[in-house]
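Shared between the two complexes below is chain A, which pairs with chain B and chain C, respectively.
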Partner chain A sequence: MSSQSPPALACRDVSVRYGDVAALSGVSVEFAPGLIHAVVGQNGAGKTTFARVAAGLVRPTAGTVEIAGQAIRTGHVRDSRAAGVELVHQSFALPPSFTIVEAMEFGAAGRGGFYSRKGLADKWRAHLAGLDIQVDPSRRIRDLPVETQQSIEIARALITDAKVLILDEPTAVLSPAGIETLFARVRRLKERGVTVILILHKIREVLGIADTITVLRGGRRIEGPVPAADLGAERLAALIIGDAARASEDRDALVGKGRPLAEPTAGQPGLAGRSPVLSMTAVTTAPDSEGAPLHDVGLIVRPGEVVGIAGVEGNGQKTLVRAIANLAALSGGTIALDGQDVTARSLAARRGAGLRIIPFERNVEGLSLTSSLWENWSARELLEGPLLKPVHPSRIRALCDRSLKDWGVHYHSPAQRAGSLSGGNAQKVILAREVDSDARLIIAAQPTRGLDIGATAFVWDSLRAARDRGAAILLISSDLDELFDISDRVVVMLSGRIAGEFAAPYDIQSVGAAMTGAGHAATGA
Partner chain B sequence: MRDRVLAILRCLIFVAFSLVLCAVVFQFAGYNAAQMLVAVVDGAFLRPGAMEQSLRWALPLFITAVGVGISFRAGYFNIGAQGQFYVGAIAAAFAAELLRGTPALIAVPLIFLAGIAGGALWALWPGLLKLRSGTDEVITTLMGNFLAGLLLVYVSAGPLKDPAGSGQQASSRPVDAAYRISDSLGLSPTIIGIAVVVGIAMWLLVNRTSFGVLASLAGRNGTMVRWQGAKLWQLGLSSFVISGALAGLAGTIELLGPNGRITSGFLPAHGFTAILIALVANLSVVGTAAVSIFFGGLASAALYLPIMAGLPAAAIDIINAAIALFITARSNLLDKLLRLGGRAQ
Partner chain C sequence: MNDIVIAILRSGTPLVYVTLAGVIAQRAGVWNLGLEGLMIIGACATILGIMLTQSFVAAILIASLLCIAASVLLWFVIEKLKANPIIAGLGLTGLGIGGTALAVESIFGSQATVTAPFGVPRLGPAFGDYGVLSIFVAAMPFVVFAMWLLLRRSRFGLQLAASGEHPFAARGVGIEPARMRLVALAIGGVLCAIGGAELAGGSLQFFAQGMTAGRGFMAFAAVIFGASHPIGATLAAFFFAIAGALGIRAQLMFGDKVPHDLLQALPYLATIFGVWLSGKLGAANTAGAFGELKDQ
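And now, the complex of A and B:
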């Protein structure tokens, strides 16, 4: 580091063990003040543990932490905060029923005494305005969009005069536009002299924001901090993945080049002739509380085809999935699976006809985190039979064991709770349940959100394999690179309508225009 | 397996804790704590005939508690076992009155059906309210307890009143002696048989059917099961109805067995003890059997305490409550101690 002043944060030989698992092994790293530092790595590389050690939430088994040149007691969050280190967690910790004012005051941990409602509101409105966060501070946390919740988390972390702000996977919950806003905010913080440490795993995001990059792999520091300018995307990808390098085709996509592949395996000539697996005609849904309703949606997915759904989040993608799953009430139109009208049929019947869903919310709609793996894994098959059908848990556990091994899930026992798995492994459990040989239509909703590079490539491979077996895939994603890379067609949704359809080679400008409603509803070549 | 051993160990430690705590409290209150503990153990299990007496209390409690466990597993906090128990007993008493004179072979099964249906009905309406319009089942089932308690007062002092009765509490005419399934001691092969059949059937339902697995998944995460295509109301309502039916069955057993009649305010803690048992047993059927015997023992000791230790019978309620507090408090610290050297989460 060329800087004269001591590093804003320095760790020396930090090791963390959980039981017999080493989360971090001898990590030493120094972060220069006033810069944006990215710490990257796959799931399980130790990024979050590292963030927690730095913030004093986890006491390392060995090693020391220095803040601005001063050694601090490790594992004492008060000491770390007093020294100016704040951490914004991956999952937000704001009390949902609080108003913003209450949450901020709560976070400030004031001394008690008397308050005036108005005084507090003014105080925190000023604080938020100082950070360019425009929101009515009397709104309740649970009513805020995730982007705003995150801004509030950041604002709360900055109540005290934070010198070092650590953001753990801040982009995982954000839309592309939200990510831009976040990054703009991070850059402004840097101008104010705050040292920002971002825990990230998307290479494109890393290269777009970071001044320096530190790579963790398997709990060890592999590289860095090195100036971001010195690392190309491909070099960085290689560092993150290590020896288990993926096929270069995937690597390019993971790196986020965003160039359309020349019809990788998609160019099936007879595709248009095959009768569709999913055909929706003029589907309109009744308005409900869960999202934008659909208007006159017509959509066809053929066997062996991947159709991507692009769109800014909240434009009816979730309702589309719920409509196909019979979890949203239709006020018009029909839905057919393999030529059979299923409009009036239950989700169970539709699943019987080969509908499979990798849902948006992995931990809510996809898995019961406090239930065992085998229960989660077997739910779909159990629902195919009558409720009083005898089951043999030991047999299911054995089948589950085999299946999860086939899918490369890392786990101890089928009896362990689903919530004990990392994000990538949890998604693999869902894949193991949903992507079977009877699958006709697989809806993959944000299937790689929050996953690291290796797990993302794995998900893509599985979807491609299912496609090659003749399944129809409906892929909903907010990641255009992902959509462009594996979709045969991309359909754009805007305000609950189909706003355009595009075929490779994709033109990001016109897709983007359709997403925002800027251009005409284009129909690509 | 290791987890199961730990769970049992944890339970035992909590029970020991609460007994010691109660002993300390009673000691300070001027009673002889050692004598109290001896009396509890003696009255529950050691005294001649104590085992039978404990079983007399344990078996109906077990049946109700298994039902409670089933609705809790499915994620519904049905705390209306007491009301369902009462309504079951009331329905059975009406049936017994209507059928008076019919041969026992016909009447007894019908009385049982009536009791089971009564309990099921008393769980059905909170279930429907919950699943149709999201009404909090804790409120409705709790209210149901009061309603059922008042209904019992009305029925035993009104339509079913025993004209010969002169006790402080109104009670119904005694059931036809031919219909009784046990004497007033309350233990008979029939009752044991019913408890065993219920235990096996419910164990199979919970552990060996799709229903059991799916209801448990639904109890932990209903959204996930809905996305899998399950009809939540089907799982939920059947869980409600099964728990009510079992409480009603226990009410019928109390009517046709030891009590022989219904009395206003009889066994006022039955349903709540059953909830306690289900929670202590961590909702497992086998665990419920074991814990029922323990609580049956305490109930039996309650009658023995005044004689042996000079304590009021209500002292057992204090012990019950202490155990409930300790066990539902679920200490992380103790878990850590028990797992010494194990993997931290």
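And now, the complex of A and C:
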């Protein structure tokens, strides 16, 4: 690498403010051409904002962006793309109803004009083949598995002669094998001379692929780009987290060191003998539009046990939760809570039996953002009793106030709207509602997604505490480190079936193989 | 046989033009419930324009400009003032129905029907029985084809669909969804003006208050029934037109034996049936949240 050539991408004193919140403050950074760069930091560190500034999607309040030594107009996607910067978004950004070739075509350079279906397929077949993407180009985006969707997104980003490719959290939705494929692809792009900027938050992955590392924290550049070889995992974790109070514990979690459980529950005598809280036998759901149906799912969760559900997203995890919550129609099988058959019972009755759910989408299913905190909190109580039961708002407000204080929610009044809370605080409100002393089975669906490390640790501790009180926990997560860290058993789902069951110590290879269906006899340990 | 085909073409053509306006708006992400209002503005402006200028071309230009202006107003309210598109569309419909009545009242001092000296030019005797049809009927297949080409076989159509379906994806490649919606609504304005002109001047040559009588909403239903595809929606519009024509036939045949109101309600019943059917077939699932402009 010659030090003479200008940086592939350079930001100078870039600041982005959203109202009173500074997403980026005075970030200056230069990325040398032809390398794989990693930008790391916690949630809320400003990584995505940085990527969007470079791609022209966000106009910075101050500062300039240079591409290959040339300053570009900020906040103009066309200018950024013309200069060779392409961004692949964290949650994929292709219209679901488009076919693969249409997704290539709609953002292509030039005037376009009219096309025929066949002409379009011919035009892009070579491009896809050049990237080793073997897929029928007339398939629709919504029908593709996430891994293929991501390859298509990368292929879309490379339709122009991209010189700088930014991937925002590309590993978040992938299986371990998918991550390997992605990284191999990234290395091939580097050989072709593309400068790749990966936005990541897992230290293991960062150290495995990056040539240089840049650390963001609280919207500021803390370090970098420094050669990855100069940074160890410990040092990098310290840079990412800073001097937070719970730093050492959190750091272990971030590095992926499973800390020993307070007591060895996995082999605990007597646990296997206790009657299960949740027992699903041969559950099959009717196909619907909301996700992969379940096929012959048998699952048992005992009291005092955390069972993790692993799997690439979209393999029936949501349907599993909906089936337990009576939101999906069963075509076969039974579901029992505490030995009591609840297959035909309503969700309210199941909640009465101790079912609690921390849902996938906290801002959609978990909270009504436009309602007040006490209304959100009281939802549990309002479900019980007859419809015309009188409600005492002042009593609920007082109870809610006490409960939220116990859970350490930062808020100023129970009457404030739930939408005004940060992600971590919003999740605490849901925990305060769902994790009560009557909880028998707590379903925690992606409970830490989008939370920073402090809030993540809080959620984990709450789930552990509930387990120690004797509740059964079903944890659904796409983060294998999280699952391995707090689950007593991990069950892998694939295409709506149970594809394997694992106990600690977990072997990431065999769990990964079960997630993609590579291993047939996937019942490890 | 000819006369029933002519009747269907006469009642179906205005509906097709307005349906195409709904299709292009829907592709861009706007469920346009202002179609009814735009159509009646087009009808009224055409008749008044002919009376004032004595020129058909000038009248259709005036109607188009007014409908574009009303569409731009709708765009402004949705896009800049962030109003709910459904409410804004219904507001535009109210503005159209009330505004045309006010215009007639203030010019002529009465609410009576306004008759123009001539209507939309006819095809003429060279077309035999079909010579009584207007030039817009003859142009209709070409317009449908052009819209199909534009929406389904051009880069512009893909960019429009991306703006409607996934505005964030569109912005990610440098398209401005707001601008695409403006273009789509403006084109829709011209189509509604033609639809209104055909309704008031195609076979008739007068404007009466409320003469669209829910055809804009029927066009909206055709957009849903036709899964927002230009050709599918055109067929849906004709399905409604055929139901209407058969209703009139049945009236002549059965006379007083079947209640007159029931037969008149046939196209509307067909509309409900069509929307129900499209829901059954899952055709309406093409777009995202009903009436919401989503962005990330």
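Definition applied: the second predicted complex is superposed on the first by the 315 of 525 C-alpha atoms of A that agree within 3 Å, B and C clash if a C-alpha of one lies under 4 Å from a C-alpha of the other, contacts with A are read in each partner's own complex, and residues count from 1 in each chain.
The definition used in the following text is that contacts are C-beta pairs under 8 Å (C-beta built on N, C-alpha and C of every residue); 3 or more make two chains touch, one makes a residue touch a chain.
Since we're looking at a predicted model, the values are computed, not measured.
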Quiz item: Where does A:87 make contact in the superposed view: on chain B (first), on chain C (second), on both, or on neither?
Solution: second
Quiz item: Is A:359 contacted by the first partner chain B, the second partner chain C, both or neither?
Solution: first
Quiz prompt | Per-residue touch tally on chain A - higher for chain B or for chain C | solution = B
Quiz item: After superposition on the shared chain, which partner residues are touched by A:57: those of chain B (first), chain C (second), both, or neither?
Solution: second
Quiz item: Looking at the overlay, does A:371 come into contact with chain B only (first), chain C only (second), both, or neither?
Solution: first
Quiz item: Which chain A residues come up in both lists, the one for chain B and the one for chain C?
Solution: none
Quiz prompt | List of chain B residues in touch with chain A within their complex | solution = 205, 207-214, 216-217, 220-221, 223-231, 234-235, 238, 342-345
Quiz item: Which part of chain A faces chain B closely enough to touch in the complex?
Solution: 18-21, 325, 327, 346-348, 350-351, 357, 359, 361, 364-371, 375-376, 378-380, 382-383, 385-393, 420
Quiz item: Inside the complex, what are the residues of chain A that reach chain C?
Solution: 55-57, 76-78, 81, 87, 89, 91, 93-98, 102, 105-108, 111-116, 156, 289
Self-check item: Residues of chain C defined as touching chain A within the complex
Solution: 149, 153-156, 158-159, 161-162, 165-166, 168-175, 282, 285-286, 296
